[in-house]
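Heads up, there are several structures right after this.
Each of the two complexes below includes chain A, the first together with chain B, the second together with chain C.
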Partner chain A sequence: MLFDPITISLLLAAAVRLSAPMLLASLGELVSERAGVLNIGLEGLMLFGAFGAVLGLQESNDPLIGLLSGALWGLGAAAILALAVALLRADQIVIGIGFNILALGATSLLRQVALNPSYNAPSLRAVSLYRIPVLYHWPIVGRAFFMQSPVFYGAVLLAILLGLMLKYTRLGLIIRAVGEGAGAADAAGVSVTVVRFGAMAFTGLCAGLGGGYLTIVASGGVFVDNMTAGRGYLAVAVVIFSRWRPIWILAASILFGCADALQYQGQAIGLSIPPPLLLMSPFVLALVAWVLMGKGKTGPGEIGLPFLRGQK
Partner chain B sequence: MTETRTRWRDRAGSAAQKLSQGYALVVIIAFAASLAVGLLILAALGVSPWRALGVMIGGAFGSRMAIGDTLVFMTPRLMTALAALIAIRCGFYNLGAEGQLQLGAVGAVLPATMLPHSLGLLLLPISLISGAIFGALWGLIPAVLKLWRGANEIIVTLMMNFIGIYFVKYLVEGPLQPAGSNFNMSAKVATGAMLPLILPGTRLHLGAVIAVVVAALLWVLLYHSTFGIRLRAAGLSPRAARLQGMPLSRLILSSMLISGAIAGLGGAIEVLGVQYRLIEGFSADFGFDGLAVALLGGLEPLGAVIVALYFGAINSGTIALQSVLSIPSAMAMIMSGLPILFLASIQGYRLVKGRR
Partner chain C sequence: MTYSIDRRRFVGMALGTAVLSGAGFGSARAFAADPTEVAGLFTGSVTQGNWDPPGYAAFTAMAKKYNFKPSYVDNATYEAAPAILRQMAARGVKMIICHSSGYSAAVEEVAKEYPNTQFVIYSYASDTAGLKNYSAWSVNWDQYGFVTGAAAAVSSKAKHIAIIAGEEIPSAKRAVEFTIKGAKSVTPDIKVETIYTGSFTDIAKAKEIATGVIARGVDVLIPSADLADVGTQQAAEDNQAFTIGSYMDQSKDYPDAVVTSTVLNFNKAYDQMGQFFTEGKLNGTIYTMDLSNDGWTMATPFRHVDASVQARIVDLMSKIAKNQISVE
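Moving on to the complex of A and B:
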């Protein structure tokens, strides 16, 4: 019973399905970090996205507009954060902590003021399931990788494109230069402020979409207070111990998706790990991975530091 | 990696430095601005801001019970703030007060529920100390990982927060759940382990006094001991401190031991003074609130006491706001997060303008 192909395939499918919010948020964070911004506010950005998506869904009855609204809420919130970090050079860690407290309160307040608790979501199938013809018949992995939300396919595509963009394009070079040595980039005529602002805005867009996916695709259009439950912080860690590589970020996201999936399906496959330990496991894994990779330096050199012209 | 590590430490040091200069005015502006935004939000919700302000002040200080509540809400936030403060002053960005508080609560509830009740009042100090030890050990882990593996403490402490939270969830859903109970909480602590109430007719318990005493002790430690001078020196400039022959590793380890112990004691106090049980979600993000308190208080013990009192008042005030004017108490978190945003932005701007 435990290891028959059908259960494995279902479990894998759920893991992949639940990996998308983490994947999207991490990809957004990747760009920020490459530009030298350690964006702890990711957790709050996801929360705003999750709320914004449900608001959009309730207003329009269209899940696609819901997701779009989530992404835009993430973008809007990130713009405020970026204003403080990129333009005013606020301490990135300090502002991130304040922003996350604010986000938790603001989304909870907005939920009580603006959302209808007895709202019946329409069919969310349009955004939650698309079978890729032929491929989805594959045994075991077909269901997992080719019968997913279009958003997931988009996220995988984004991971590939981001990897190529950062490595091979001029824009990627500029972003990395700003993260590696903002002073040199500035001297070469690149506006550090604009690049960091843009990177953080992109992070907001991705995190918002990730949050929206969490509410609309993964929880049937319901927003619950603090529903990201640390996923944003986890995504920050994922980016770092994946060593800023999109492929590893994808792999780590799916691995953490497994922990999420086991929480729901563990009982079904006769696994008797208490749910809190499953909830804990991604954080333990992240910690262990983080400690194991301890030494070595491939990351952006000036991550976390504000750029001040004329100072080293 | 060594290079990066030093930079991280320098940054923490300079954060402490920049917070202390021309600071009071900036903090007042930050609080005034966030109060203004808060009142605007209330106006948008269709409540007269002045009426709301009156209700909040009444709810925070208007009666003996209100004052008791304010101090009860202040206590855990002051403890986590003191915990954050001493680590950051040593240049170690401990964002893990939440986790250390959770473990402290576990450490307190174990003896308080399991040791024989015949120990009577001895149970209280045993439980408090046990909580502090649990917190200290939990706080030691990120320090060891940093010194041994060079693992950046920001990520480690953040991850350990959630590990701590889910560990408590695991305990109260399993091993610590009394047989036959369906509630996700531990058994009630023994009467001898409860912190005595100190103001009749209120919920105010001895923990509030303990917190203020810890703040005073911390002040003495920071400013009137060799250890404190070394600790602050290490925080301001690790390189200079190392050149002076100061034992940096030992300083970090001991500051994290103290930091974790204080946060753990905070968790123990919350369990023994307010909840009397270990309950999932007993901490309303005390760890992050405490960080905000520490930073707003300029990383000074006295500043932390004042700001923690303000945070306590915000929390008891918004509860009155909810019961009188039906404004969601989530306002408390908005009012707690906003000042930090303003503070960090203003300080950053001052940095750009070179006025530091």
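Moving on to the complex of A and C:
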């Protein structure tokens, strides 16, 4: 039997583990998009976060400081990106793509300059695994949902808090107002620039933490060039796929994680599907998200548009 | 001193050089006292992984020994290679060594235009298009895969091994084919799982895959995904499984996992390139690097396994080297 309970349990556990960096980055991206900024530079932000986390780990020998460092590197990089997009009102898509290319070269250069190639990371168990008592024994789902990194649990909590914040708080209302109609928000006295800058900074923080998860939790404290391998782009697709709703982002991230995990679990259990087809599956999902679901009514009205006062 | 440059900086400099040349400020001048310039082309970073760094080390050692002026371009993609090779040859580099078989099409294209520059491929080549200035040091990858598979199979108590490969490219598929052949030659009822991660850099994915196959009973893994191999090695160390290292002795990096490693004799190949070039003997020949001429070997002593495992593999390699066993 191809899909016995053990295989399904392993598949789900792998899917959840692989979804964590995407989940963090997507939650960050959600806030940017809700504020009207299509942050294509997410891949680059994750890459800076991944590098920053290993640098922090190397300097402190503490995985928590490493993760914090990754988040701060993401924040710093996002500030540069926000300077161009929110303050100087440059084209969001062009700047985002350029930023990703820059991040690839910059992190490669920084790695050569700042990281010790023979560095051996200390035990990372404190951030890589926490078993929730009793629940982790549950068949099939126990291993998947209750034997994960504390960072993943934190991301789930963040999704819930973001949902509440966007729906019920004044800050959430302001962010949504700027994304729906920047001109109207501006007329009401809201600083569109400040809101968008802040939203992008938050995105950087989350994406940086996602990159940090990738290096510290998922890769044992090792950074290699281009190791995000397209996860930032997938995270953008996750936001669209989930109709800009935080809880749906949680589900969509795990769905994308499933597609990712199926790539190789499928090969391992002998699914008679050619490996290249399985390897394409997350990207096929992303295309579906962009093409079929990108134009929904629930999306922010002015997403991707720079705010220029006096212009309709 | 070695001058380093990556692809992005290279493109900028190439453009700058082209502008200056066009304006008449620059010219290809050679001074009698200048040492001969040789260049290397690498697919990845020369400071990461287990393929390019040892190749680069052999390249610089060769340059030092024969008093060449070395330069290199790392992260050089195959599609950018023709432009890079032309620029190097045009500025007077006398020998360009490409550290991957993927550059063969670019070399074939450019070597015709620059007969005074020697082009060399390290890794694999089946022919050199009849060009006198295109030579190759070709590893016998069939033999390599066969012995790697045999070593993994003999080391596996569970009779269940896995190959964690990167992208499903022709050379990888062929290596997998011979690895399976080698494993089955020593343990006919062995179960071999082959999984392509689709990436040579995604450590997290390789680690996840390796963890999954270990949970299903695999006890020896063959990492074959370049930079992503780190993930496979980490998973093996975390879950008390074993691995066969690749290209260089990796037992120091992963002491709890590595049983043995394939070790390519980069130094010998690069030294021969320097020697033959100095003596004017590079003439379009393909030199095979195999077990019979120390082109590659397995690191000893084997770890975590009985002494009989090492003895069987050493015996197998000896028989292959003497043509008493054919891997075909």
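Rule of thumb we're sticking to: the second predicted complex is superposed on the first by the 286 of 312 C-alpha atoms of A that agree within 3 Å, B and C clash if a C-alpha of one lies under 4 Å from a C-alpha of the other, contacts with A are read in each partner's own complex, and residues count from 1 in each chain.
Convention: a contact is a pair of C-beta atoms (placed from the backbone, for glycine too) under 8 Å apart; a residue touches a chain by one contact, two chains touch by 3 or more.
All values derive from a computational prediction rather than experimental measurement.
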Requested in this report: Could you tell me if A:277 is touching chain B, chain C, both of them or neither one (first, second, both, neither)?
Outcome: first
**Report entry** Touched chain A residues, chain B compared with chain C
**Finding:** B
Requested in this report: Kindly classify A:65 by the partners it touches after superposition: chain B alone (first), chain C alone (second), both, or neither?
Outcome: neither
**Report entry** Touching partner for A:105 - first (chain B), second (chain C), both, neither
**Finding:** both
**Report entry** chain B versus chain C as contact partner of A:233, first or second or both or neither
**Finding:** first
Requested in this report: Could you tell me if A:251 is touching chain B, chain C, both of them or neither one (first, second, both, neither)?
Outcome: neither
Requested in this report: Once the structures are superposed on A, label A:224 by its partner contacts, choosing first (chain B), second (chain C), both or neither.
Outcome: second
Query raised in the report: Looking at the overlay, what does A:97 touch: chain B (first), chain C (second), both, or neither?
Result: first
Query raised in the report: Between chain B and chain C, which residues of chain A are contacted by each of them?
Result: 105, 108-109, 112, 225, 229, 275-276, 279
Report summary line: In their shared complex, chain B is touched by residues of chain A numbered 38, 40, 83-85, 88-91, 93-95, 97-106, 108-109, 112-113, 225, 229-230, 233-234, 236-237, 240, 274-277, 279-280, 283-284, 286-287, 290-291, 294-297, 299, 301, 304-306, 308
Report summary line: The chain A residues in contact with chain C across the complex are 6, 10, 14, 17-18, 21, 105, 108-109, 111-112, 117, 214, 218-220, 222, 224-227, 229, 260-261, 263-265, 267-268, 275-276, 279
Query - In the complex, chain B residues that touch chain A - result: 1, 3-4, 7-8, 11, 15, 41, 45, 93, 95, 145, 149-152, 154-156, 158-163, 166-167, 169-170, 173-174, 285, 288-289, 291-292, 295, 328, 330-341, 343-349, 351-352
**Report entry** Residues on chain C engaged by chain A in the complex (per definition of touch)
**Finding:** 6, 8, 44-45, 47-49, 75, 162, 168, 193-199, 201-205, 207-209, 211-213, 215-216, 227-228, 230-231, 234
